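Look at the two complexes coming up: chain A is in both, with chain B in one and chain C in the other.
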Partner chain A sequence: MCEVGEDYRAPAGQPPPRPGREQKCVKCKEGLPVVVIRAGDAFCRDCFKAFYVHKFRAVLGKNRLIFPGEKVLLAWSGGPSSSSMLWQVLEGLSRDSAKRLRFVPGVVYADEGAACGQSPEDRAKTVAEAKLVLQSVGFPWHIVALEEVFSLPPSVLRCSAREPVGTEGAYKAAVDSFLQQQHALGEEQQSLPCPPRPPIRAGPPTAGQTEALSTLFSSVETLTAKEELLRTLRTHLILHVARTHGYSKVMMGDSCTRLAIKLMTSLALGRGAFLAWDTGFSDERHGDVVVVRPMREHTLKEVAFYNRLFAVPSVFTPAVDTKAPEKASIHRLMEAFILRLQAQFPSTVSTVYRTSEKLVKAPRDGCAAGTPGPRCLLCMCVLDVDTADSATAFGAQTSSQLPQTQPPVAQAEAPTVSCCCTGMGGARHCCRTEEDPRARVIEQLCYGCRVNMKDLPSLDPLPPYILAEAQLRSQRAEAEQIQEYLLEDREDEDARPGES
Partner chain B sequence: MAAPLSVEVEFGAVVNPGKRAVRSLLFDGVKKHQVTLPGQEEPWDIRNLLVWIKKNLLKERPELFIQGDSVRPGILVLINDADWELLGELDYQLQDQDSILFISTLHGG
Partner chain C sequence: MPAPQCASCRKARAALRRPRSGQALCGTCFCAAFEAEVLHTVVAGRLLPPGAVVAVGASGGKDSTVLAHVLRELAPRLAISLHLVAVDEGIGGYRDAALAAVRRQAARWELPLTVVAYAELFGGWTMDAVARSTAGSGRSRSCCTFCGVLRRRALEEGARRVGATHVVTGHNADDMAETVLMNFLRGDAGRLARGGGLGSPGEGGALPRCRPLQLASQKEVVLYAHFRRLDYFSEECVYAPEAFRGHARELLKLLEAARPSAVLDLVHSAERLALAPAARPPPPGACSRCGALASRALCQACALLDGLNRGRPRLAIGKGRGGLDEEGPPGRRGSQPSGPPASEPIPGF
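Take a look at the complex of A and B:
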């Protein structure tokens, strides 16, 4: 044993023996391998880079969703995966014209410090670091604070009319016309795919909004619900930025590892019906803005190595769960579960991930293709809830939950309630407005979001746009119901004239 | 008897153009440590190094970094910028002036 140690220290002419490093790169058979990926394949630095870059471009090329000249918003959290995505786009745009990515990027960075209880000084420091990276990237950028959810309009929660889905032919035509345009513009313009524009940043959040946001997050009873709430609010904010600045695609940096964890977490959270949207390459739930996940074939290990070997900058930001123990939330538990399995069985992540690839987005049974049913107020998925089907466990849960959440008013004023049951439109409307706003919000949520909202003792601290949209929707639903009654009455009259 | 070694131990994966120190919460905000491992009977390997780190560098919650006698799943180890899987993982014998980097791929880590 001792001799081995001495050997290493001996200033011998030849490099010391390195166990395992005699093997060569599996691709070029020459280079010294630096990273092991895909269960045992050793890659050298150059081959790893080629492999990594190719995979990013292949995912975009295969799906043909991003049209040339289209405005694409890159959602950058500062973390390794989204930073890597940023750099891949940057590199893709600077390539020679045949291989160049042809969309017009912008970056959005959401400062979530208030939700994690960061001090104003720390937040300023993090934002300054983020700004530094954004300046070096040079794309137009938007820094938004999570507090801005308090000034969002309720229209964020509406699914805008879907643009016609691009067919193969449409994509080719778009590429051709783009190339012609570029040709006409001349060479000097081509070298500048996106002229630098002034950065867009709203003023810093007001102290009142920061206060409101931290009140909201501290009122949430579990870390699981906190993480879900943060994810929901962040999505709405990014969606709003995309819409107000005319971006039609949003790129998220979810890696393969992260998506495998997300798939299992979503299952545990009761979001099984939406797995295909939550984890697929593209997510069209918002209609006019489509979310795409171009990093979905890169594992976190690949991302970490690439960022290290090629000096991709990222910004460290504490998350709501930083330093949290392993069992603090379903998200953390699932992460530990998957990563531990992965350590013993190196195909775990890819197996789970491949499952997510096979999921098909099918409309629910009973929903006609053209008319999607009502959507969840928070996650904006088509509701998976069937209130009529009270025989299922879920039906039991909802029917047991609703009376509970209704205030004692409903019982005290029993006569009013019974008047609703007679089916008179006007009476229904009058007692509906007295109904608990909580019940009104809950009934507009999907199963997963309902379960989640159980950990929010009061919905009052929620940003106003959510409550306003909930009210708007239930009023609209009532108006429709009234309309139905009116129509029925007329039909009745027509069918049996004189009887009424 | 192995002589004392000087190795660089680094935590976190963040390379920043501004060369700003990046806070790694577990290790009291210090990212890079130049450490001197005392001479001992057995040669220094990664397994021993982890024990030494746990005793000397970890400020709190060792379970977030170490599990059993190895690192927690989700933490990558790079030895002189190469994957430790190529070098024998826990059994790699440290040499003077080696640099060992730990990268966490864990959420919020």
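Take a look at the complex of A and C:
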């Protein structure tokens, strides 16, 4: 493959020898190999397990973000990668004391059956299977239904400040003091895992909520937008669970392969500015809750083999795009493309992954440094839509401008955002005078979320917390606008500028 | 059912729908809108100041034909003068026909034409010779890498010969989108860091270059050429099927079918990529052989030619580059380019 940086090798006289029956594990040179990783490295069962576990712990140890004693929420979808992650945490916590993982885990499982169109019986069956697995794992677990987004508070969308990340010294000091504490408490207390507490649930979702959720998802026109919406709502829900129960970290089980696909998909969706947050090890855009991805160096192939060899339980849950044709959404297309390319050029996934490691969480050079701007309403990244000078602002303008001769459509039902504010963040007053609630929400979104919203003809089915927060933010912005004109020493005037 | 009325002049019947906005327009109005958008790109980005002598990279294909035509229409308004520069890479059966098309265009539009040939500039190396040389290594040929680097050098040289102050090329939005996809798939962090934006201002002795058609979608370029009845050469280069860009192109077509705004979204993403400082290319120094602007000891064109001359064509394509300072056996170092032009190596897009 024309990979940049591919080393020159003299043309080989004959192809490399194929692994024969007599070959031994490349690591210990003794055991019989059971699996071939990468290109031709055959491992025996024990060496493979050691390699796999070592990678998991190395990723956690290298980044030093998880402090001992911290409460960490494991986001479990039932799929192979997150099940593997769960298992690694379970094993890591039960090791002998010197090398033990030292955080306090909890598990959350989100039941998304309503969005995928599953019948209530199927949903109940899946949830029951999930419960079995969770009970056997033994951590405190939470099962939440996606319908609960309809009762989320708008504070979910606000980024709370968090204490600054500790330095290297602070991490070491924390570990040392934790160890001393444990030692003082005595041995017995360490060996027992905490008994499974009763599940914390808000009660089964009401039929009305389920109805509302399926209305929302069936109103979205394309599968791409559906998947993105589902991802957003799921993130908010997990964030809420984490905040309510005091978890400061969330672990997601994205594998290397999935992250490479996610990176290319985000690129195609217009989220190039946020790649480092979307695919990096840690994602601190929410402030107090940090999302980490400890499985990011395990390829899907390794995960699959590990799960099979060591009987890791997982639960199959159909997703929004199950059985969808390949061309149905950008996500499916990218997945099929990358996996096909991987079959032809085996280094594709690792190349994309390595490039993703070089991304930094900063605005591009030349953009104004200093106070970060407003954040996107849905994905909570700093807005990346520039003033009219940007090349794509112009391109987007030409694509969304509808000719003036079309009769003005009813404002609440505007199929596309036809005013010129799509591309330019600056000129907001023309929207304001029309009081178009849709435009008000759109202008608080980043580029990628705006493109997704185009496939949502009406914003009404959205969960109330989103619309409430949008309202609040625009009122606050209006208040700021008139702030300079208010005279402060008038006592008879009602000092409530936000209401109009 | 008769076609709707043109949305702009409302007199003629609409002849097409614009791919991005779905607007129905007649031929004349569409061409006028297209030209207006290119004008806006040039003016807003301050790409071509008045009085500029502009060298248009003309390959005979649809993009450079449309570019030359549009710039010729806009030249009085922008107060620029145009020269066509065509590059002859020496690809038999392909380039000759393309050059014939360029000559016809130059004659029809009365624009001065200069042809620069690889064989003349690079010591007898034509693309066919390069392809033969790289074919021996068994894996897919990387002759497209050579062609890209050397063509930009040749274009720069041609521009200098006509005394140009700016170089323009006909890359459209689809090209930019394919480039960013390709660079990610190949892991080319250096090019990713340099890419995006409307062109390079030109560092050191290099001429500033830009891409006025950068925001136009490929479909619109073809539509424009159709309505203006432009004569262009539409075959694919004989080496194109082996290029990696083909994968990116196929992916882009699929993405566009799933979401029409995919091309613009990719261009938006490319503009906003933030790469670590270590991934960016080091500040440029001077090539030790020809004195041109270079990030390493040798500029990329000299490095590639060096590899070719030593019979190790993949020498400069790879991480190591360690063999570059070796002295090859005396017999091999036959045809060195005498006094290669002092021009900058190519920043890829």
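One rule holds for everything that comes next: the second predicted complex is superposed on the first by the 401 of 500 C-alpha atoms of A that agree within 3 Å, B and C clash if a C-alpha of one lies under 4 Å from a C-alpha of the other, contacts with A are read in each partner's own complex, and residues count from 1 in each chain.
What we mean here is this: contacts are C-beta pairs under 8 Å (C-beta built on N, C-alpha and C of every residue); 3 or more make two chains touch, one makes a residue touch a chain.
Note that this is a predicted model, so its numbers are computed, not measured.
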Point to revise | Partner chain(s) touched by A:F316 [first = chain B, second = chain C, both, neither] | key: first
Point to revise | First (chain B), second (chain C), both or neither touched by A:K327 | key: second
Point to revise | Touched partner set for A:L275, first chain B, second chain C, both or neither | key: second
Review point. In the superposed arrangement, which partner chain does A:V133 touch: chain B (first), chain C (second), both, or neither?
Key: first
Exercise for review: Have a look at where A:L263 lands relative to chain B and chain C in the superposition and call it first, second, both or neither.
Suggested key: second
Point to revise | chain B and chain C contact sites that coincide on chain A, given as residue numbers | key: 1-2, 4-6, 8
Practice item. In the complex, go through chain C and note every residue touching chain A. Key: 7-8, 10, 20-21, 23, 37, 40-41, 44-45, 136-138, 140, 142, 144-145, 173, 180-181, 184-190, 192, 196-198, 214-215, 243-244, 247, 251, 254-255, 257-259, 261-262, 264-276, 278-279, 312, 314-315, 317-320
Exercise for review: Would you tell me which residues of chain B are touching chain A in their complex?
Suggested key: 1-3, 12-18, 20, 22-26, 41-44, 61, 63-64, 73-74, 76, 78, 81-83, 85-88, 91-93, 95-96, 101, 103, 105-109
Revision key, fill the gap. Note: in the complex, chain A contacts chain B through residues 1-2, 4-6, 8-9, 16, 18-21, 23, 32-36, 42, 80, 129, 132-133, 136, 257-258, 261, 300-301, 303-305, 307-309, 311-316, 318-326, 331-332, 335-336, 339-340, 342-343
Point to revise | Touch list for chain A against partner chain C, complex | key: 1-8, 11-12, 222, 224, 263-264, 266-273, 275-276, 327-330, 333-334, 337, 341, 348, 351-352, 354-355, 358-365, 384, 388-392, 394-396, 398-403, 405, 447-448, 451, 454
